[in-house]
């Protein structure tokens, strides 16, 4: 097959998958007794139907993009970082507390909080990397476990020492950050905040980093074959720790911008309940660790969520069904559908798989 | 204070639309379920369109609130502390739109607040437990160690100590709202440590506590609605919270034009919270473990609270 | 506190650990053929739901358990087809199937039982509680292992069965070989796809059992999200135990005991958050002592080629 | 002679690239049929098709006159075909016996009868006189033994047709000798053997017939008796080989000095034991030795990949002991690694990404940490051209390159470092004779420019052709130093076998 052919083939894959996914979703909708097209229409409206909904989708995508980028960086370097949740939460709590207790004008608080969030996520992540490099402790397990530790620790902080006693005091949450330290909203009356711009800038930075810089090249090679990288003079330990720090820093930043741009305080569970970390992980994997692809996949996944909310608001389809439809769509997007169709006994099999 | 509710012209043209925006999925939470039922029932009784919207997570609350404002619902009811921040923003930006928030206060002119003093009812359950225990040990299984649930656990402990200063109160946390298996094990453990009455305050975990009671033969109590019917032999009390009535009334007043802003505080006195047998009758016969005597004593305590002679600490205002 | 451990705590630990152990054993099968199954959580949840549903429909606990197995088998077939045939990324499929399980069970809870949140029927019979005649009279051990559901015993038997399967049988040998090098196994004519399917499906059976133990053994009800993260703990136990059945049992028990220990500590002055943290912290510490010897192996996988 | 196997007009296309073009090939019963050809000529591809690992675009395969189509290796094995791959297909954590019997295990009911497996393997190894330790882990066996395991595996499966893809590339001369004897005896016992190799003297020693492939096409099939090395190489390369010219040696000051290097081993025995030597500018020092006697560790110690416990490494007068690989490289070292897939390449990355390793930090290719892709592309394309690397583009995945072509990329990269010191470990492993000559010329040129080369090779001939001085390693020690002018192969072999003392 020639190059243009394989280009179309690679395009066909997600398209076929999405079509099949929507068909499966249609069955779920029909089973719940709702009109399929109308329901999908509401879903579309909920995600992109108006400027407000469109920006809401982007707002929801913001932490997912940042987490996706963080995980993508770790993957590229050959680390299976499953600790995005813990890193995000620690970033969020660090940012919230810094913004609350750092003296000085708003801008100082804001910058301090951003730095604190980045540092907290990065350090937590680098701790896992360090344990792997130094003690050969599998990063996959340690990061998974460290998620629980981080969320419980953050939960403790806002239940005991830094609890918000100003309002009803019924929630495990920090006090509200002073308005001067908020990340500005991009449009009046909409939830989209400057964190989205940060995320988009970082998408570009990362794409550029991987393509054009020494560091990006070293990260890639380290991930592809650490022995080769070491042989070629890549400072393995340093690039490892640096990339894991950056990975955690990005996920920490995800939590940070949620705090500074959306919630204005740390609320226990507000970042874990929406499964941002898992969604970000999926986005990265769907995009094969490509930064721009990760951003697009994040927006797609966020749109599925906001779309489902719209579907629930405006149709009789219950929330449970929209959950099912979401999951089904993701499953089929993930499947290499067209790939299987096209391949069919043909010779396009790649080396490893055909053997 | 409010006049947007009295619009006789509008009544003719179109049915009123009322939205209930819940901060979470209804899921295992009877509290949200009651609210949903209360609003739906009122919708039917008074001929208004009601729509319940469950939010999947914190970030969704604000979006849902904004969406229902945009879709021009006449009254928007929401609930709980999780919605506080979002409601503050949305209500400030839409000063002409009436809102109600149940279970917490948002200090804005267009928001009606409804709050409950659950600790008072918990105190009564504790008082009964303190009186009834034969082993001088009672327990409570709490879903999570979060401030809000202190209303249940602290009130309960206070009640126990009030009637039985020597009694030991065991407190364990499940760490989740949705883990009946662990809640059950915790109850079994408390029982093995001598507790003969264990209060369930672990959301759906309570069902696990009930099972443990049935298996091991101790006594227990449930939350929010009357649970005694499930297993009268072991579930001997229930702590009640009239969310459904509050939700129902809110809709009713809105339709009838008597709706007012302000803060409505429901405790024992207002009959917004209560305990079976003490403040409300139930079809289930009273278990001998509690007995008439104790109920009478607890009723007396209730009267003291109502009259203000006895105060129950609000653990959130310490 | 008088005694931080007592018999009832140990007894409860064994019960609590069972779903985790079963799922971890199932997960090890997948890991052994090179598929990292993060969908255990969802599979247990489907199992838990199906067990209650089957029991409710037929009035028989046994049929309930069988129904759970069948349903999770079907559910894991989806995982198998997507990852093996369509070569979708197994982690994405795992996560999405967790979401799907949550959605499906809550949806069906509404459709079938017309309830939200939880289904509880006080007349429903759970799994019986067995005590083994001779063993139950042994002083300490007897108390620990008495009064458990048959699935608890089965789980521990399966540890041994799986240990023999992996290291003594021909099929087990081929399965491990498939996981060690898919290419080499294929080149020797091993039907690797069949191996992978087998592993995923048997993992489904194990998760079905885990779910049934959760919803019919530990309690007798189903509630939304009642797995409460057990699938992920199973994943950790599986990795810590290096996919060895005995190791997995050790890891699960370690976790269980730490969990039990933390419950005891709740009575003391330590904040709850820290006691809840304990099992995880201890597991991290345990990793310093039980290292995965094969850790670097995966990373050398970069080398080698057929050319 | 009966024709056992026929491959008829086999064509294989990868996209627009034709790897095999109307290739027809036949194999007689009991013959050893050698296939030779340049790197990337399509030898491996043809064999992968025969073994069911790939499907031909067109063409047919017949065995004993019956048309066959192999969808997978299992089907090929069924039909009596066995293949020993260029890179071994073994399970390192499993025993020799387990590796051999997999797919056809002796069993008792459902149980794997490991004792019977060991017995069967021992019998087999006796029958074909290939000694292996059935219960040893394959990962712990030397390469030669792993090779034998691969062959025994094929024999165990009862193959009549045995394909060996460059089986000698990784063997020591001694092992090569043993293997060739084995092959002959297998043929004598009625097995038919297809042997792919780049070493024409091996071909001349064992083959009955020889097929030459060039750019995916057959350029000739002949009987050994009717041909000679020159003719074959001309058919392969399309030109005559010129041989290497050796100029008078101009040794200068020492570039690399190793002093008393010592590396502790796991079980008491040191991996490197007091190794001292030096390499002067303008000379090539060869290290001979049976693999596994410390050569790999020596390379790693010199390049900073393995810390030494004692001793010093000095490069151009600077002490580089236990420095990072990067600082050592920057101080003037280039390194062709012995295992191209482990150390030398990232197989899923592009040719370009592989070729730029070690270069990307040079001011020519980057500014302030930003890569200059234009320059890099230019440079890599140039190497691809000058080393005649067969690849569709420099963005092709390294994995898709034939083994020899990837080796050329690595050699080009390292020669291109233009450092005063080069470690060349098995620099021509798996490359064709034309390329080998070219690489030898490059190494020689380096020496003639007054740079220093340390050559490690298991090919004695390679050591003898290139080196000025020869060091012999045995059990982590240097057991002898010889001058190439005066040394004989026998002398070296004796030292290599530990017979020096």
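Per-chain residue numbering starts at 1, and chain names A, B, C and D are given in the order in which the chains are listed.
One rule holds for everything that comes next: a contact is a pair of C-beta atoms (placed from the backbone, for glycine too) under 8 Å apart; a residue touches a chain by one contact, two chains touch by 3 or more.
Here's who's who by UniProt: A, C = ABC transporter permease; D = ABC transporter ATP-binding protein.
These figures come from a predicted structure and were not determined experimentally.
When each chain is reduced to the average of its Cα atoms, D sits farthest from chain B. For this structure, the chains sharing the highest number of C-beta contacts are A-C. For this pair, chain A with chain D, the centres built from the Cα atoms lie 44 Å apart. A straight line joining the Cα centres of chain A and chain C is 27 Å long. Computed from the mean C-alpha positions, the centre of chain B lies at a distance of 36 Å from the centre of chain C. Residue positions 106, 183, 186-187, 271, 273, 276, 300, 302-303, 305-307 of chain C each touch two or more of the other chains. In chain D, the positions touching at least two other chains are 53, 73, 342, 346-348, 399. Multi-chain contact residues of chain B, defined as those touching 2 or more other chains: 25, 145. Chains touching one another, given as pairs, are A-B, A-C, A-D, B-C, C-D. Chain contact summary for the complex, chain C toward chain A: residues 78, 82, 85-89, 91-93, 95-100, 102-104, 106-107, 110, 182-183, 186-187, 232, 235-236, 239-240, 271, 273-274, 276-277, 280-281, 283-284, 287-288, 291-292, 295-296, 299-300, 302-303, 305-307. Per the touch definition, chain A reaches chain D in the complex via residues 1-3, 6, 212-215, 217, 220-221, 224-225, 227-235, 345, 347, 349, 351-352, 354-355.
Those residues of chain A that touch chain C in the complex are listed here as 32, 78, 135-138, 140-142, 144-146, 148-149, 152-153, 155-156, 159-160, 224-228, 275, 278, 281-282, 285-286, 318, 320-324, 326-328, 330-331, 334-337, 339-340, 351-353, 355.
Within the complex formed with chain B, the residues of chain C that make contact are 6, 8-9, 12, 15-16, 106, 116-118, 120, 122, 214, 218-221, 223-226, 228-229, 263, 266-267, 271-273, 276.
Against chain B, the residues of chain A that register as touching in their complex are 52, 56, 59-60, 159, 163, 167-172, 176, 189, 191, 258, 262-265, 267-270, 273-274, 305-306, 308-310, 312-313, 319.
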